[in-house]
Every structure is written in C-alpha cells, then in structure tokens.
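In the two complexes that follow, chain A is the common piece, with chain B as its partner first and chain C second.
Up next is the complex of A and B:
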C-alpha cells in the first residue's frame, strides 16, 4: 500500500496538520549507513493513553482518525520490518516528535521516492503552517525554512509559482547530502 | 537556491498577490489522508498546482485536508464555489488538469466523474 518512504513522510506531515501544528520540521540525515527521519511539530500532542493506542490502526481510525490517522501504524510496521527503531515523544499541548532510524542498505528498504514532489506541494497548500526542512549527510547540512524565506523575499505567502524553484532546491540539496531521489 | 530563483519566487508571488482583488473565488481541496496518498493524491496535488500556476488563476486557491471518509473513491478532490461543493472521486493527474480547465475556468463540471454535490447551508 505504501510504496516509498516519501509517502510515509506525507502521512506524518498530515498527522501534524490534523493536530493543529503551526510549525513543522522535517529532518532527514544519512550518517554511517543509517537514515534518521524525524518529524517535529507544535501541534496538540497526545496523552499517554492515546499514544499507546496510536499504533493500533483500528482504534485510531474509529475514534481518533482526525487527530492521528493511519500513518503512524503503517510507518511503525515498515520500520519494524527493516529492523529499525521508532520513537514518539509527545505530551498534550506540547507537540509531537516522531523519530525513526532505518538501515539505509537493508535490501528490503522501500525507495525514498520523490521527496521534492511530495513535500513541496504540501508546503504550498498548507496556509498558516511554517516548515523547516533539514537535510544532513556527506558532511553537509542544508536547511530550508519557509518563514525565513518569506521574510527574505518580503512576501506574505508562497504561491504555486514557487513549486518549480523549491523542488529544484530540495532535489539539489538531496543530491548534496547523498539522498538521491528514487534511491 | 540560486538568486534568480529567489527573484522568480518573489516576483511571481507579488504579482499574484497584487492581482487578487478580493476573496478567493474557488477553493480546490485535495484529500491527503493515508488512503488518498496511497491512491495517488500527491500527483493530483502537484498537477493542480501546476495548472493553477500555468494559467495564472489568481482567484483560485489549492489546499489539502485529511481523510474524507471516502477511501474507496480516493483520491478525492473537492471544488468549493460559494455555497456549493462538488466532489470528484478517483481523480488522477489527467482528471485533475481537466477539473481546472473545464470546471474551474470554463464553469462546466465534469458530470460523469462527480460523486457528490453538496450545498452548504448557513
């Protein structure tokens, strides 16, 4: 059902939006053969009970679908199949951090997919949400911060016309840090 | 990002925002829940943005939302115009572009791909 890691990332970002997040950070780093994927948000967070149940797709879709969704259970399944780890840190009113570590060279690892084509349209269709994308690898650290970008450009919002340049920027950054599209 | 790309983003954003005379006339909403994403909603979202940008539709906004409870019909696209919401199901990239051209620009909804029309009361 979920064919590439970018689809999981889209799902995790959607969870952040549904939690009312106004700031979302996506971090991807490739260090010593391990892909660390992290989504941080300042949304409503979850209490302990909800967090425990968050891995249960039936529970989440029935009672808390609007807040959690199916994304987390599916991502957990993928990470476990690869022998990776998944941590969720959250508290009510205090946002959520989802952090996964995945062995990059595992033969069954799904491809990363087209991160630029996944994330940039989401950025451009999420009014009121600021994004920070941090990519690390090959000794480089590259950051895209929509709030800072808008300040620098003197504009109040990013319009659909920004899609091409932003996608090129993400693709170039991915190449520089060793996270090739479709890898 | 290259300086020319920054300039392009700034100039086009300012042109679009400057042309906006009032409220958004049409809002296109894409369901981006898990089932929507798995069924191809990412490609649909990108195609809609491309068409709106290419045709310089300054009174059209594209946004996304979560699950719509129509998993069997994903990807789902809603066209919001005033009090009317037209819901399209099983939308692919080609249909997304048709929705912009035929429905949003020319005002002719694509009848055989509509799964629901809702009137918003109040």
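Up next is the complex of A and C:
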C-alpha cells in the first residue's frame, strides 16, 4: 500500500510518457461509493508478453538504474487489497487504457492526496503532450483540456506562470465533484 | 551484527536467506511501501506485516539487509522463491511489529559501535 492514490496516478502518467504518448486522459469519477480511476493514452501500447511482465515488480522497460519497475505492481496491490478491480486494455501501437475501480469507503483506502499538486507540475513539464482531465461526481462532470485552454488563452504552450491558475482549477473541480478530502 | 546473528537472537524463521552475512545497520518499520521507498536506508532491516511480492522488490531496490515479516500468515511460495532468486533475505516471526522493533532496537544498541 502507498501513502496516497495520487502517487499511483503519477506512476501511471509516467508510464504513458515512457510509451511516447502525445495525448493522455485522466478520468476520475466517484459514483455510488466507487472511485473509478482511468488513464488512457495513445502511446506505443503493449503486446501480450509485455502486458504479463508489466505486473511483475522485477520487470521494467527503464534502461538505466536498478531493474525494478514498481508502478503498475504497486497499483495492482493497492487495488487488490481494497477488493477493487483493475483492467489494462492495450495493443501494440494502439495505446493503453488502465482502469481501476476502488471502494471509496474501504477503511484501508489511502487518501486521494493532492491531485492538483501531482498532476499540474507533470502537465507543465511535458511539452508536446496534451492532457484531458475528466472529473465526475455529485451529479457534475467537469473537463479540463490543455488544448482548449491554450486556444482560449491564445498561447502555444503552457508556461510555469500557468501553475497557480491550473492548480486552482483542478482543486475547484475536485471540490465540486466531491473528490476533495480533508478540507 | 549480521543478518544471521540477528535472526538467531530474535528467533526468526528463514523464508529465504540467500545472504546471511549481510550487515544489519539499523531498522525500519512501515507497512507503507511508498514510505519504505522514500525513507529506508541501505543495510537496514525492514519490519512489516506486508507479505506481497512488492515487498521483496522494494527491499532489493533499497538494498536492505533483511525483511522481517511480523506475526501473520506464511508468505506465498512465489514470494519466497523470488526473494531467494533476487538475493533478498526474508524472515518471519510470530511476534508483532512493536515487539520486534523493540527487540531489534535493543539488540543493535548493544552492538560493538554502541558499547
């Protein structure tokens, strides 16, 4: 188990970048006591053999450092320990979708953590990757799209100055859909 | 003090013990793997209730001297086999984490450097 679920989100996003994704979508919904967490990307995808190995903590596609790849195995462990489900849909050249369903009220569920602080720095340090964040809950559905945001602001890339406003947008959205904890 | 001496002093049962000569330089307690990844130091003995294969991977990543599984069920055979294969010392005890931590702390405090 890890300290908060946003650490898993950061790991999943890192996997998408490593797969060369140019479009990444993060979906979080809280419906009927279940948190659905989904990351979709248009990266290189995996074949059956690679997908089987992805759940092994002693396997990694990283070329440097220790040959340990804990991103997906740790997420799988968290989901299993909470009695949830995890599905990975992928094909070579066709992107990857990781979708987990987690019981929100399980006593051992790690807190969601600060999603804004996790995701916004990743967005700002990933030029050339477009992000879409979809949040659902409390009867609301909110979409934050970096492509649309840049069009509205008339800019070609998001600069560090966007950090504050983006963090506020994510936090407000989390609050509206009922995903903000500890407030 | 090495892992074999610690195992003997604490009455630990070996699940996988490929490096009994590993020097135990301290201890660390946590069931949060993220906390172990962030804070455990090489050479430390990690006491945990967790039995997942990921524990073995974290212990290897952090170059820990041994993992001590506190009171609980036996780990799955695959976990024992992978610990052996990956060179991670994995031992278990019938004692709880609190007791193990206290006994290990006392044991290491009596080591040559602390006399």
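Here, the second predicted complex is superposed on the first by the 170 of 183 C-alpha atoms of A that agree within 3 Å, B and C clash if a C-alpha of one lies under 4 Å from a C-alpha of the other, contacts with A are read in each partner's own complex, and residues count from 1 in each chain.
Just so we're on the same page, contacts are C-beta pairs under 8 Å (C-beta built on N, C-alpha and C of every residue); 3 or more make two chains touch, one makes a residue touch a chain.
Since this is a predicted model, take the numbers as computed values, not measurements.
When both complexes are overlaid on chain A, the residue A:7 reaches chain B and chain C alike.
Touch criterion met: A:168 reaches chain B, while chain C stays clear of it.
In the superposition on chain A, A:94 makes contact with neither chain B nor chain C.
Judged by the touch definition given at the top, the superposed model places A:160 against chain B, while chain C stays out of reach. Touch criterion not met for A:48: it reaches neither chain B nor chain C. Look at A:74: by the touch rule set out above, it reaches both chain B and chain C. When the shared chain is aligned, chain B comes close enough to touch A:122, but chain C does not.
Between chain B and chain C, B touches the greater number of residues of chain A.
Counting contacts as defined above, chain A residues 1-3, 7, 66, 70, 74 meet chain B in one complex and chain C in the other.
Interface residues of chain C, counted against chain A in their complex, comprise 31-35, 37, 50, 52-54, 56-58, 60-61, 82, 86.
Of all the residues in chain A, the ones that touch chain B in their complex are 1-3, 6-7, 10-11, 14, 17-18, 65-66, 69-71, 74, 117-118, 121-122, 124-127, 149, 152-163, 165-166, 168-169. Within the complex formed with chain C, the residues of chain A that make contact are 1-3, 7, 57-58, 66, 68, 70, 73-74, 77. Listed in rising order, the residues of chain B touching chain A in the complex are 1, 5-6, 8-10, 12-14, 16-17, 30, 32-35, 37-38, 42-43, 45-46, 49-50, 52-53, 61-64, 66-67.
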